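Labels for the chains are A, B, C, D and E, by order of writing; each one numbers its residues from 1.
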C-alpha cells in the first residue's frame, strides 16, 4: 500500500489572498486505506482538502493522483478522475430536490445508471424525502445527502471534511460502518478530516496530525487504538 | 482627543466603516478642499458653473452609497426623489416667488417632501419585507410611474397654483436659490457664490455621513447588509434601520434634485426615467459602493469622464464610455477609487491580491 | 416559575408535521439539553421560540408573558439570545466588529473596546481580530457566534449544536463556559449530538422524536433508556456517541 | 478678421439620432458653402459641434459651454421640444441667441430664440381642410402623449371643428410604446374617415406596420411623420400608403433649387440615407443668420440682429422657396408641401401652399419687438392680451 | 354582435400583451432569474436578433429560419460576452449592472456607427383575419403560440433534462457543482447562451412588426425585468403566471382607460404584487407546494 500511494502531496503551499495557510504539506495517502487528518480549529485541514479537490490553487508543490500530476487541473477535471468531496458545511443545492441533488453527483464519473437505491439503502430518510427541496432538510439530513451525493458517482477517493458534524450518534455509527464497508468491498480510499475520536478510531487506519499549516505527526494504527494519544494530538 | 471633550463625537469621522484615517488622509482631504476653494479664482465662469453641476449630483450618489453600499438595499429609484424634490421646488417657488428667502424654504420643503415620501414608501417596502432585486424593481417601477405620469401633464389642467407641470417638455422658469441679503437679495445663479455654497454643503454632508456610518447606527446598517437574520437575532429591528437609512439617502437624492433644478431652472420627467435611474448606480458602483469617499470621488470622476468623452469622442463617445465601464469593473472588483486607495499599500507590500478564483467560503449571493 | 414555556406548539410545513404539541418548560437557572434524531424538529423548535415563523398552533411564554405574537428582535430584547446550527456571522466585517455590534447594546466607547479585546482573547480569536469574519475556519466561526450570543448578556441562551466541528478539548472548554454562564444565572437550552457535552453540562435532558417529546430526565436515565438507544444513540455508543472500534480486522483490512 | 463662431448642439447618438444627424450635416453644408464664398462680412464661419446624445442634461451642460467657454455668436440647437426647454433658461440667463431648427408644437415667444421649423397653424390649417374635403368629416387622432402630441391634437381638434368636422376619437400614446393592438382595435371600432397620426419616436412608428398587418387602412394625415423620420423610406410598402403630410420640405420636393440642393448635399454626404425637413431647416438657418449679420453691417450682437428682424423683411431663398422671419414671434413663413405617400411609398405632391405665415403667436399677443415674456404658449393658454 | 366582438377583441389584446411580456422576459428569466446576472444589455440582444433576422430574411431566407438565425447569432454573441466579461463577475452580481450597461452602450452605439440610424424593415407575414367586425393580424396569434411553446420548452429543458439539473446546480452552488465533476464554465456559457438566444429569437419574432433602430432594445427592457421579478425565484413557475397576470392587467387597463393607464397600471401592479408576494409569484406557488 504505502509503496503505491493513490495520492501523493509534496511541498504543497496554498492560502487565501496572499495569506499563506498551507506551509509545505507532504503527505502520502495509500491506495485502499482510510486516512484521517486531525488538528485544532483553523490549522488548515479544510484548506488542505480544498487544495486537493481543486477549489484553491496551490502556490507551490505538487499533487499526484494515481501517478498523475493534477495540481493544474480544474476541480471538475479532478472529480472526473474519481475524486469525491464532501465539504464541511454540506453545501447541498438548496432549491433542488433530494433526488436532483443526487443526480448531480453522477457527474463524477459520468455514470449512466446511477444506483440511487444503494444510497437510499444507506440513508433511508433520503428516500422518504426524495422530492423535498434540499434546503429545507434538517442539518443532519443535509449531511447525509452530501455524503450520498458523492457516493452515487462512484469515486475512487473520497475526501470527507468532518462528516460526523451535526449527525445523530446512531447515524455517525452508520456512516463509519458504511465507509469501512465500502472501503473493504470496493477498495474505496477515504481521507477523513474529523474531530470525533471514536469515528477516527472506528474508521481510520492511519492518521496525520496538522498544526499551523504543516503535518506535524503521523499516528500509526497501533497508536490509534489508544484514545488518549489521539486526544492529546487533537488538543495540541 | 480628550474623552470628555464635547467634540469627542468627531472621533467617529474615522472608523472601520470608512476608508482613510490619520493625519495623512485628513491632510490630503484638507488640501483637496483648499484646492476646491481656490479653484473658482483660477478658472472661467463656464468651469465654475459646470463644476457646480457636477457637485449637484454627488448628493444623490452619497445617498445611494448609504442605502446600497452600507445598507445593502439596492434602490433603483433614487431619481424618483430627485424628481419629486425638483418639481416641489419648482411648484413652491413658481407659486410664491423668491423673495424673503423663500427659495430656501422651498428647498427645505422639497427635501422634506422627499423624506416624507421615502418614509411612506420605505414603510411599505421594508415592513413588507421586500428585499434584494424585488426592492430594486419596485423602486424602479415607482420612478418610472412618476416619469410616465409627469410626461403626460402637458395640458393646462395640470398645474399647482400658478405652476404648470408642463409634461415631457419639463417645468422651467423657477428662480435660482436666493439668499436674503441686506440691500439686495443674493441670487445664486451658477456662479462663484453658488459654487461656495454647494461646496460647503457637500463637505458638510460628506462629514456628516462619515459620522453617521461610523456610529453605532452605522454598525447596525452594515450588519444588516451582511446578515439581516443575524442582526435581528442580536435584537435590532432591521426594518427600522433600513427605513431610516432609506429616508436619509432619499432626502439626499431630493437635495440633488433641488440643487439641479435651481441650477438650470429646469426639471423634466426624463430625469426620472430609466437611463437617469441607472446613472447613480453606475457612479456609485464604479467608484466603489462600499465607501463614502470612493463614491464621492468616483462620481465626480465619472461625471467628468463622461462629459469629456462626449465632447471629444464624437460618435465614439458612448462606445468609449461603455468600454470604460466594462474595463473598470473587470479590473477593479471593489471599485475604481477603492483600488486607487489601496494602490499605495499594494505597492508597498508588493504582493498580488488573490486571484479571486474560487472562494468556496463565500455564499453565492 | 418557568422562564420559558411552550404550550402545545405545533408546526407543519405543507403536509409535514414538524413539531407536535410540544410542552416544554424551562425553569429559570436551568441548564437543559435537547437531543433527538436528525430531523426531529429541534432547530424548528428553536425558531418557534424565537418567532422566526409563527406556530401552526400553540403559544410561547417567556418570563410569564405570552410572546407568541412578538417579533424576533423584540424577544431578543427581552433577554433571549441564540447561536444557530449554521454559523451566522457578518462575513465581510472584521471579527472585532462582529463582537462590537453585539456588545453595543450595553457598552460604548472605551468600555466597549475593552470588552471586545477581552472576548477576543477568550474566544481564541485575538490573532484574527481584524480579519473579515468570513475568512475564519468553520470552527472559528462557531466560536465567534457563541461570543456574539453571549455578548447580549441574555437571561435565556439557546445553543444549537454549539460544539459541532470542535475538537474534544474545545468541546470541553465550551462546556465549561456554558456552565460558568449558567452559574452566573443564565438559563441555557442546548441542542447537541455530542453526548459527552450533554453529560458534562446538562441537569435535565429532553428527547424530541418526530416533533414530540419522547423522553425527559437526567442524562443517565436517558442514556439507559432502551428506546432512546433505539431511535437515537445506536447500540454501543461511546463518549461522543460514535461507534466503538468495529473489531481490529475491520480497520486494518 | 476673427471667425464667427456658431455652436451646434444636436443629437448625433441615442434615440433621436435618426432624425438629427442630417441637421448637423445641413449646417456643415451651408457653412462650407458660405466659407467658400468668402464668409459673412468677410469673416469665416467656425462651427463648434457637440453631440447631445438625445439627453436633456447634455443640452444644459453644452449650452453653458458654447456660450461661456466657446463664446459662440449663435447656437443651433435641439430636436425634441424637451431639449429646447432644457436649454432655453440657460440661453436666457447667459443672454445668448439660439436657433431651433425644427417643426414643433409652436408657441415659444422668446427673444433669445429664432425658430426656423414649421408650426401647427402652418401644417394643419392647410392639411386638415384639404383632407376633410377629400375623405370625409370624421377624424380620429392618435398622438404621442406629451407636449408636442397633445398641443398638436388640440390644433387638430380646433381646426376640425372650425371646418364642420367631427372628432370620433382621440388617443394619446406614451412615448416609447411600440405595441398597438388595442389602438388598432379602437380605431377599427370608431370607423373614422381620416386618421391623424401624430406619432413621435422610433418606437411609436411601429404602429404603421402593425396597423397594416391588421388590415386597417384609413387615409392618414400627419405633421410629423415622413418629414422627420422618413418612415416611407424605411418601411416596407404599403404600410404608409395613403398618408398625407404637410411639410415645408423633403428630399422628394421637385423644383430646381431643391434638386440642386439635394445634389450638393449628396456630393458632400454620399452616405446620407435621407435628407429630411429639419435638415433643410438647419441649412436655411445658417443662411438666414448670414443675411441678418450682413444687414447688421457685420455685427453679431443679438440686439443688432433683432433690430434687423424688426424691420420685417429678412428673407432667404431656401430650397423650399422663399422664407421670411416674422418679427413678432421670430418664427418663419414657409412653403408648405402636401406630400402624399403612394402605395409603393413613392411621394407625390397634390398641392403646394406658398408663403404660409406663422400667424398664431403674433395674432394672439406675442410681440417680441415690444416685450419678451420668455414663455411658451398654447391655444388653451395663449399669451396675455396687452 | 358587439358583445362578442368586445370579448374576442379583449382576449386577443390580452394574449398579445401576455405574449409580449413572456417573450421579452424569457431570455432574461434565465440570465437574470436563474443566473442572477442583471443583464442590462438584454435589449441589445433582442436588437441583435432582430437585425440579424431582417438581414437574413432580406436575402430570401424564409422567416422562421431567419428567426432561428437571429437566435443563433444572439446566442453566439451571448457566449462570447459570457466568456469575456460575465464570467469574471459571477461572485458579484451587482457589478454586472455596470458591465452590462457598458455593453449595452457599446452595442447600440456601435450598431449606429456601423449600420446607420435604422434598418429598413420587412413586412409582417400571414395577413389578417376578420372576426366579427374587427380584423386581426394573424401573425400576432403565431406570437402567442410561440410564447407558450417557448415556456413549455424551457420548463422541460430545465426540469427534466440532465443539462437542466446541472445548470441549476451550477447556479445554486457553483463550487460544489464543480467538485462533483460538472464543467461549470461550460454550463455557465451554455446557459447564458440560451438566454441570449431566446432574446435574439424575441427580437427576430417581433422584427417584422417593429421599427428597427439601434436603440430599440429599451422598448423591451422594463417589461422584461418586471415580468421576471414579479415571477420570482422559480423561472418557469414564475414567468408564465407573471406574464398572464401582468398581461391581463395591462390589456385591461389599456382597454379601460388607454395606453397610459396600461403602462402605469402595469407598473403599479408590479409594486402591489411584490408587496403582497415579497418573493414573487413563484414564491407563493412553491410555498403552497412544499
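Simple rule for what comes next: a contact is a pair of C-beta atoms (placed from the backbone, for glycine too) under 8 Å apart; a residue touches a chain by one contact, two chains touch by 3 or more.
Bear in mind the structure is a predicted one, so any value in this text is a computation, not a measurement.
Participant: Based on mean C-alpha positions, I'd like to know which chain lies farthest from chain E.
Facilitator: Comparing chain centres, C lies farthest from chain E.
Participant: Of the chain pairs A-C and B-D, which one is connected by the greater count of C-beta contacts?
Facilitator: When B-D is set beside A-C, the one with more contacts is A-C.
Participant: Using CA atom averages as chain centres, what separation in Å is found between chain B and chain E?
Facilitator: 32
Participant: Determine the centre-to-centre distance between chain A and chain E, using the mean Cα coordinates as centres, and give it in whole Å.
Facilitator: Roughly 43 Å separates the two chain centres.
Participant: Measure off the straight-line distance from the CA centroid of chain C to the CA centroid of chain D, and report it in whole Å.
Facilitator: 75
Participant: Could you tell me the distance, in whole angstrom, between the mean C-alpha positions of chain A and chain B?
Facilitator: Chain centres of chain A and chain B, defined by C-alpha means, are spaced 50 Å apart.
Participant: Which chain D residues reach two or more other chains?
Facilitator: Within chain D, the residues that touch at least two other chains are 13-14, 145, 172, 174.
Participant: Mind pulling the chain B residues that touch 2 or more other chains?
Facilitator: In chain B, residues 148, 152, 315, 317-318, 358-360, 362 touch at least two other chains, as defined above.
Participant: Identify all positions of chain E at which a residue touches two or more other chains, and write them in rising order.
Facilitator: 109, 112, 172-173, 175-176, 178, 218, 260, 263, 290
Participant: Would you pull the chain B residues touching chain C in the complex into a rising list?
Facilitator: Those in contact with chain C are residues 3, 16, 216, 219-220, 222-223, 226-227, 229-238, 361-363.
Participant: Can you tell me which positions in chain A touch chain C when the two form their complex?
Facilitator: Going through chain A, the ones touching chain C are 16, 19, 34, 38, 40-42, 46, 88-89, 125, 136-141, 143-144, 162, 164-174, 176-177, 180, 183-184, 195-199, 201-205, 221, 224-225, 231, 234-235.
Participant: Could you please specify the touching residues of chain D with respect to chain E in the complex?
Facilitator: Contact set of chain D toward chain E: 13-15, 17-18, 21, 145, 171-174, 176-179, 181-183, 185, 188-189, 202-203, 205-206, 209-210, 212-216, 231, 233-236, 239, 271, 273.
Participant: Under the definition above, what is the set of chain E residues touching chain A in their complex?
Facilitator: The contact residues of chain E facing chain A are 162, 165-166, 168-169, 172-173, 175-185, 233-234, 286, 290.
Participant: Okay, in this complex, where on chain D does chain B touch?
Facilitator: Those in contact with chain B are residues 12-14, 50-51, 53, 55-58, 60-62, 64-65, 67-69, 81-82, 84-86, 88-90, 93, 145-147, 150-151, 172, 174-175, 374-376, 378, 380-381.
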